[in-house]
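Naming follows writing order (A, B, C and D), and every chain is counted from residue 1.
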Amino acid sequence: MEIYAADVAIVGAGGAGLRAAIAVAEADPALRIALISKVYPMRSHTVAAEGGSAAVVQSQDSLDYHFNDTVGGGDWLCEQDVVEYFVAHCPEEMVQLEHWGCPWSRKPDGHVNVRAFGGMKIERTWFAADKTGFHMLHTLFQTSIKYPSIRRFDEHFCIDLVDADGRVQGIVAIEIRSGRFILVKAKAVIIATGGAGRVFRENTNGGIVTGDGMALAYRHGVALRDMEFMQYHPTCMPGTGLLFTEACRGEGGFLLNKDGYRYLQDYGLGPAQDKPRNKYMELGPRDRLSQAFWYEQQKGRTLSGPYGAYVDLDLRHLGKARLLERLPQIYEMAETFMGIDPAKQPIPVRPAVHYTMGGITVDGRCATSLPGLYAVGECASVGIHGANRLGSNSLAELCVFGKLAGTEAASFAKSAPSGDTKSLVARAAASQQRIEELLKNSDGSERIATLRKEMAQSMEEGCGIYRLAGSMQATCDKLMELRQRFRNIKVEDKSRVWNSNWLMAIELGYQLEVAQAIAHSAINRKESRGAHQRLDGYEKRDDVNYLKHSLAYFNADAAPRIEYGAVKITKSQPGIRAYGAAGDAAGH
Amino acid sequence: MSINLKRSNAPVFWLLFGAGGMLSALVGPVLVFITGIGVPLGLLLPENTLSYTHVHALAHSWIGALFLFAVVALFFWHAGHRIYHSLHDLGLHPGAGAKLVCYGVPLLATLIAVYALASMGYS
Amino acid sequence: MNTPAGNGRRPYMRSMQGWWRRNTFYVEYMIHEATALFVAAYAVVLLVGLVRLSQGQAAWNAWLAALRSPGSVVFHVLVLAAISYHAWTWFQIMPRTLPPVMLKGKRLSAAAITRSGLAAAAIVTLMVFFLVRGLWA
Amino acid sequence: MARPEMQQDTEMPDSGKTIVMDVLRYRPEQDDRPVLQSYEVPFSDDMSVLQGLQYIKDYLDGSLSFRWSCRMAICGSCGMMINGRPQLACKTFLRDIYPEHVRVEALAHFPIERDLVIVMDDFIEKLESIKPYIIEKQPRPLAEGEYLQTPAERDLYEQFSSCINCMLCYAACPQYGLNPKFLGPGIIALLHRYNLDSRDAGAEQRKPLVNSEDGVYNCTAVGFCSEVCPKLVDPANAVNVNKMEAAKDYFLRLVRPRGGGK
């Protein structure tokens, strides 16, 4: 097995991984950084983020407002000290990106422009048209090229962490082009592999978003926190689930039911006004908007198309010129994928799974419970999203915590001793053997696609926008069955060079375990909060029993063990989460 | 990968190519018509349009000589450069010989044009 | 088959043989590149004319006479077609070769640049034609 | 025979129709050279070529390899030759080809690693060579806030910053096919993007690449690169504008005093 000796290994080269790599390189140019990604960095799913990234910049805005919007938006399941750190560091990170060349959209005077987003009191979303994630990712990737200490392992698929002596000491990966295994020794490892949205059927996520890093940490005893909170984004393309950014609403788009009625006013978000108003109507938070869709559907007031129920996202009144300036990609997507001119026709949309609020449990400094192991970005739960993430907080999170994870890992690596290569190789060889078994299993009979489809279907049924004990239990049972059947998985392709059949099987293994953590966390939370809404007697938020983080622990072949951890409250006591006129009355 | 940082000499030839391309796009069609079709057939143009007196007078003036020189020389340079690249496009891997021909002929033509015009003197 | 783990890489490079036949865009490109042959031929005709001019009236008249031969006229019709096609494609490509052209704070569209180029060619054509006709008629 | 159920990520209505996809296969561990393999795939009007390939992989032949991720024409993974033209598979629809066969091949002008997967080392190395990052005149402390840049200044380079590195332009460029040392359209577009950025002062450092024998003058203005760009970047413009820059530099250096240039 090939061995590469690094000081810090980073798994995942999306926004968070790249930002972390740059932070390590700037912290100490002598540290050798291995940046491992199963795709080329610019393919990472950060690329698909559209709307923007939050940072307080306007004089009428304040860090407290950003804090309150985030904590209230998260239904008080946030680590408030971490949120304080977060909102305080967003502005400098956005400026840092600007210095690195990110083409932020500008005001006529040359200052960076900001736009409105859902659940925000004051406009604070920095944007680069509607391709913000794309521009941030490419800016970070291209900037990372400046640092000679960053050695990239592009298209290397991480199959395991290597731990020894009670701390993580490296990772094992497959070089996809050759099928060879490589051990990357490292004194600190940062996981930055993104979310797990593809365990659901209809989702906005790219094919690579399979929860790999979450499963890696989980198998090594690190808890997955708050996994029941899966964000449904309210405006997605029916069928494919492709995302129409929240900025469509930030720019003034309307959501209409089949009667052409702005139905959100019936769900505590009104009154309706022509001009977009922060925290009102279409600028409510994502969980509320997705839930309102569900109710409209129950009432038979949605429209119906080949992919089921939908509502109309109406942008016509914004005019073609503004759409092309502010939402060019949305325009292109509507035209190419749906044959719709959004200046002339409303766009059919429905909610789809978008973001994994939970993830690998880390403290406010991005450290996991396994010494030397850090996690950052969507794969991690650093505690800023709570039960519902505010739009445009995730891109800011990549930068603020990417940098923090990088500096923390760098200082850990500098103080940690080198491990014993021989024992690490032995452990890596064991991981290699386990993965190679998949290829050798010649009489497997289960198709990868069949299992994946059953998983995704079951997750949607059990862990959708509204949840019931019975269907959640059915999902838990189904996932257990699928894990059994996975042992009999068939990898048709036995070759080594770019064998994506093999990789998909490994990913499916990751997905099934992460899905289990989601489903079991969900069925155990007997209340409704943020993105976790129940209709079986637990419709209310229950702060007495459930103002707690759920912690899912890997339990080998059995179901995960669910425990609970405290939520850090500093300055915002749980209150009523209200938007629209009710929010104003409640003083939000 | 090793990127060859040796400076390319192409700008000289590319500028001549471009100038010739632009000139031939602007005046090429009308010149071809005048000299090759209109005058020989007496089409739209009086027969004595290209009489020796007229054309010699043109060549005898600075501006006329310059125009004739530019047309002849730049057309050559334009064509030579393009033909050289087309040989490459066709996979004929033009070597030094082809390069010599493609750029040597325009050079020779340029010298001949200068000589011919100079021998007529200027007024 | 049966290569040891990881040694199976054998990147395959495809041939460029006949690449220009692969789509109509390339075919068109090769045709407009080929107009250079006609430009070259016409440049030779003009160069000969210039040399003949410098040799005196008789030489010049012989050149003119040669231009009147049917073969020459047919040849020049072909050259006219080729060089006109060259002009057309030259202005089609022109927007791709210029830095942004700003007009009243707005960027000139590719189509507008092409149209301007063609218009310039038309104007120059008329100017040369009437200059030649007017001066010497 | 009943056809298997559709894949998970996109449910497609069953039209009962099928389309034939001829895919260029190359498995280096067993094939001497690439060979075409045909698959019959259920067809509906809203299916992309990518969805067709996903169907093949999921239900007909798990050994078919190709890159894909975002499905929305922004990650740049799924560039391939579709009926002879470089295109993103996610953005090309079967309905526009039906009932003809869909011929799918790996992106032209690159070595085929396997099936529809190309070796993209060359592109990445070139990307790394052009210093694709802001080279500041002097470092600006974060505390001083952002650089001011007017919308007009941003518009200058914005187009070239939209490159998704899908490499369709390289597959469209015969000059790159004929001479892989050529820096190529997409990379020159990115280089141009930084040179045009009002925050950047690195043009001088990038010049040797532009001016070199592997630089802009390999381009013969075919223009197909810009035709196939899925993001309307116009790399041909970047290349050709830089020819003029390189020419200026070539001659100005002769009149500038030695070492006295800026």
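Keep in mind that, in the parts below, contacts are C-beta pairs under 8 Å (C-beta built on N, C-alpha and C of every residue); 3 or more make two chains touch, one makes a residue touch a chain.
These numbers were taken from a predicted model, which means no experiment stands behind them.
*Asks:* Where are there more C-beta contacts: B-C or A-C?
*Replies:* By the number of C-beta pairs in contact, the winner is B-C.
*Asks:* Could you name the chain whose Cα mean is nearest to the mean of all protein Cα atoms here?
*Replies:* So the chain nearest the centre of the shown protein is D.
*Asks:* Report the inter-chain centroid distance for chain B and chain C in whole angstrom, where each centroid is the mean of the CA atoms.
*Replies:* That pair's centroid distance is 12 Å.
*Asks:* Using mean CA coordinates as chain centres, what's the gap between chain A and chain C in Å?
*Replies:* The separation of the two C-alpha centroids amounts to 55 Å.
*Asks:* Report, in whole Å, the distance between the mean C-alpha point of chain B and the mean C-alpha point of chain D.
*Replies:* 38
*Asks:* Chain A to chain D: how many Å between their CA centres?
*Replies:* Each chain reduced to its C-alpha mean, chain A and chain D end up 27 Å apart.
*Asks:* Check each residue of chain A and list the ones that touch at least two other chains.
*Replies:* If we look for residues of chain A contacting two or more partner chains, we find 177, 495-497.
*Asks:* Can you pull out the residues of chain B that are in contact with at least two other chains?
*Replies:* Expected reply: 85, 89, 91.
*Asks:* Using the touch rule from the top of the page, what residues of chain C touch 2 or more other chains?
*Replies:* Where chain C meets two or more other chains at a single residue, that happens at 3, 8-10, 16, 20, 33.
*Asks:* Within the complex, which stretch of chain A touches chain C?
*Replies:* 175, 177-181, 495-497
*Asks:* Enumerate the contact residues on chain C facing chain D in the complex.
*Replies:* Residues 1, 3, 8-14, 16, 19-20, 22-23, 25-26, 29, 33, 93, 95-100, 105, 107 of chain C touch chain D in their complex.
*Asks:* If we count contacts the way the header does, which residues on chain A are in touch with chain D in the complex?
*Replies:* 39-40, 42-45, 47-48, 92, 95-96, 98-101, 103-112, 131, 134-135, 138, 142-143, 145-146, 154, 177, 198, 201, 203, 206-208, 239-243, 306-307, 329, 332-333, 336-337, 447-450, 452-453, 455-457, 491-493, 495-501
*Asks:* Which of the residues in chain D end up touching chain A in this complex?
*Replies:* Spelled out, the residues of chain D in touch with chain A are 5, 7-13, 27-30, 46, 57-59, 61-63, 65-77, 91, 113-115, 117, 119-120, 124, 127-128, 131-134, 136, 140, 142, 145-151, 153-154, 157-158, 161-162, 164-165, 190, 194, 197, 199-200.
*Asks:* Of all residues in chain D, which touch chain C in the complex?
*Replies:* Within the complex, chain D touches chain C at residues 26, 28-30, 33-34, 84-85, 108-109, 111-113, 119, 152, 155-156, 174, 177-178, 220-224, 226-227, 234, 236-237, 240-241, 243-244.
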